[in-house]
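Please read the structure below before turning to the comments.
Chain IDs A, B and C follow the sequence of writing; residue 1 opens each chain.
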Amino acid sequence: MSDGQQNDPEVGSGAGGGRRHFLKTLGLGAAAAGAVAAAPAPAWGGRTLKDAFADLFRKHYKEMSPDEVEAALRRIERRAEARLGVGIDCSNTPPLEGVVFGYAINVSVCRGYRDCVSGCVKENNLGRDSQVQYIRVLEMEQGTLDLEQADHYYDPATVPVEGKYYLPVQCMQCDDPPCVKACPVEATWMEPDGVVVVDYDWCIGCRYCMTACPYWARHFNWTEPQIPAEEVNSNTHYLGNRPRPRGVVEKCHFCLQRTRVGREPACVEACPTGARVFGNLLDPDSEIRWILANKTVFRLKEDLGTEPKFWYYTD
Amino acid sequence: MPGGRIPGFLMMLSLTGLVQAEPAAEGTVVEKVQQDPGRSEVTFSVRPRRDQLYFYPCADCHEFMDSNGDIRQLEVETGHPAGLEHGDGRIWCLSCHSSTSQYNMLHDLLGQDLDLDRGYRVCAGCHGEHYRDWSHGAHGKRVAVWRGERVLFSCVECHNPHHPAIAPRAPQPPPPVRAGLEPMKGQVSGKGVPWLSRTEGAASE
Amino acid sequence: MIRFLFDAVRTVLQGPREYWLWLLFLAAVIAYGVANYVQQLTTGLVVTGMSDQVSWGFYISNFAFLVGIAAAAVLLVIPAYIFNRRDVKEVVLVGEGIAVAAVIMAMLFVVVDLGRPERFWHMIPGPGRFNFPLSLLAWDVVVLSGYLLLNLGIPFYILYSKYRGGEPSLRLYFPFVVLAIFWAISIHTVTAFLFSANPARPYWHTALLGPRFIASAFVSGPGLIILTLQVIRRVTSYRIEQSVIDLLALIMTFALQINLFFVVAELFTDFYNEGSHSVSIRYLFFGIEGFASLRPWIWTALGMNLVAVTILTIHPLRRNLVTLNIACVLACVGIWIEKGMGLVIPGFIPTPLGEVFEYTPTRTELGVSAAIWALGFMIFTLLAKLVIAVEQGKVTHAR
């Protein structure tokens, strides 16, 4: 199903008769056109022609008026209903004032369970069969931080394995993000609360941002993400976990739908060891700030100058 | 259940100026810990666990038993811990549990009784660094939110005090590869740590 | 002007049987590729062999190679218009025809690589948002579009003047020629910067990438032009002086020598003290962790280039058309491998997190790519037919 294919809606053509007949036919035709536009059809992915047109000819998120954003949110909800068979709520919760999000993981405590990965997949409506997982946990050789020696596909009977430690990696929400520079259409940018977001309805799928990311944090929908209807998380955000189309890039967005209303991200909640810490970098009394001030911290690939807002620390 | 059967002497602890405990709403226990000098105190509450204990109140049985202070393995019913896999023989039951008439209590290193919901103060006696980290968020978990009311999970939510070592468990499945592609097979392991193989080779000769 | 266009269409629709067979063959390849592309449009890029690990593949490999071919047209423009070589001036429009075909092919390779091609208009400033000058991809769009316009506009003006029976006014088009020369260098430099801008990919993150691109473009471009000119000699009555081919062969020789020197410089820098920046090139030339699918390709390419540079360096062999053609084919294919798959794919292996995941293009990818190449050949054939007809005076306004 190809979104955005275009046909001209039927327009009535007056054939013979007087002007009144012509105008009447025209009126009927216009009504028919309206009906065609309003009726869902398989050609537009189950959406109405009107929705498909409105989605195709849209403005950039930053240029949309509040009404236009609202209309876009409703279209997303209708599209999800048509595609997934589930009603969802899509919000556009703005960033909180005076907040820049920061994240820290205690490497001494991570056991490699990957509960964070599955929590994220469920919370963020990630395609179950498509490869996309925002978090990747690396099984590292004790004694080295050399990523070449990491095992991505570890599957022992139990973790932790002797002689290994575990390093989860996801989007670092860089403060000087190379991906934002790379995007030719400004489909990705950093929000005021520090999260680097993607507008899935603006991305053209060129994947240049993926080549620019030093942390392999950005992922592409090579195929339509499939989510079982009963597992859909219906609490969604426009820039966050609302269902995505194929052919666009996506990545960890610090669970905007949760964090902008004060809840912790799904990975933090899912982790049973408490290795993950999340908070406001601008609040001097926050846990994340205490960790940065009092624990031994490091960041990955710091020498590249990306200024990640994602730290690792040890006991 | 009633919020705090917190004895009055706990208020005496507040005289130390370092710790204050007070009865809190909704059965949580509120702690105030002084942070670094010059900074505001860190305040948090701890999710209570006492309600979920099976062998509570202890007094139900122990009221009718004589107190025996000999260090030993207990002969008990299934479920009630008989000994400790904690501390390698350096501690035993009564190191933490009260053996006075306050059967339902724990006690800290000062000998002062502590309600089971403030059991983390017992852990703090030996595990001070973890206690410090935990109270500031660098250890353990916070319930549900990153701002607003700060409720922490008590130590015993993760660590069974009678055998605190967390057992290894199976991980969730490894990541998939892209739909339609096969995982890479036949990987030869990486270079490893070069000097290690050298010394091992030398040692074996 | 309309009449010119009508006459142009009539010219390309007239031709001997071989001409039509050739066009028919190309059309068949295009049709096959279009069917593959439709499959890609309806199912998604999952029909390709790309993955999150190797997120650019055969399409972008061909794109990088073709931008080089397009830039190499400048090697005919400079002798023709700056040094006023009459012999080169006779074929310069053919070179610009190659440039047009190559740019169109390059742009098409980017379009078929997009996940949402219907959203390409998001790049148009105004209705869309164009991240210029920050995004190198935005720069590439600007320079390629400009280059296409220049290489359509200037030849169109010259042809139209000849069609009208007059001479084109040098004063009018010369500034654009100078612009086109600088622009040609810029398209390939920008394309090189597209890759070298990424510190996330140490294999590409070298200042040498820009010079390597130019050097290899000045090998593959002239090589292709030399072969094309000889085909034109064979199938038409158009006169092509041997001196033109000699000049191109000489340029090719120097460029290939320089390119091979760059390869030596890369190999030394990466292998003398091997660090994390060298893993990709080790994968390419030797394989890592037991995976080495590109190894036979790169050594073949290196071998081809070495044979080619030997032939070209030895004067009698360069002058001999048979050995020269062999050298051209070897060099073009060698550069195509080295700059295409040998450049793009190792940039993704290993991933920034150290994972080795290999890539093989699927039949769908190859089908779509073949169609784009066929379309490029077709465009060039039609343009060359028109250029030759006008230059030979067979198509004029006065009739």
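By definition in this document, contacts are C-beta pairs under 8 Å (C-beta built on N, C-alpha and C of every residue); 3 or more make two chains touch, one makes a residue touch a chain.
Quick caveat: nothing in here was measured; it's all calculated off a predicted structure.
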Fill in the blank from the handout: Of A-B and A-C, the pair with more C-beta contacts is A-C
Problem - Most central chain, Cα average position - result: A
Practice task
Report the inter-chain centroid distance for chain B and chain C in whole angstrom, where each centroid is the mean of the CA atoms.
Solution key: 66
Practice task
Could you grab the centroid distance between chain A and chain C? Build each centroid from C-alpha atoms only and quote it in angstrom.
Solution key: 36
Problem - Residues of chain C engaged with two or more neighbouring chains - result: 46, 51-52
Completion exercise
Where chain A touches two or more other chains simultaneously, the residues are 131, 136, 148-149, 152, 222-223
Fill in the blank from the handout: Two or more other chains are touched by the chain B residues 177-180, 190
Handout entry: Contacting residues of chain A [partner chain B, same complex]
Key = 106, 109, 111-115, 117-118, 129-131, 133, 136, 141, 143-144, 148-149, 152-160, 222-223, 259, 262-264, 268-269, 271-274, 277-280, 283-288, 290-291, 294-295, 313, 315
Practice task
Provide the residue numbers of chain C that touch chain B in the complex, in ascending order.
Solution key: 46-47, 49, 51-52, 289-291, 356-358
Handout entry: Residues of chain C that touch chain A when the two form their complex
Key = 41-46, 48, 50-53, 55-56, 110, 113-120, 122-123, 128-131, 134-138, 141, 194, 197-201, 276, 279, 347-348, 350-355
Exercise for the section: Please give the residue numbers of chain B that touch chain C in the complex, ascending. Expected result: 177-181, 184, 186-190
Problem - chain B - residues contacting chain A, complex - result: 35, 39-40, 42, 130, 133, 136-142, 144-148, 153, 158, 166, 168-180, 183, 190-193
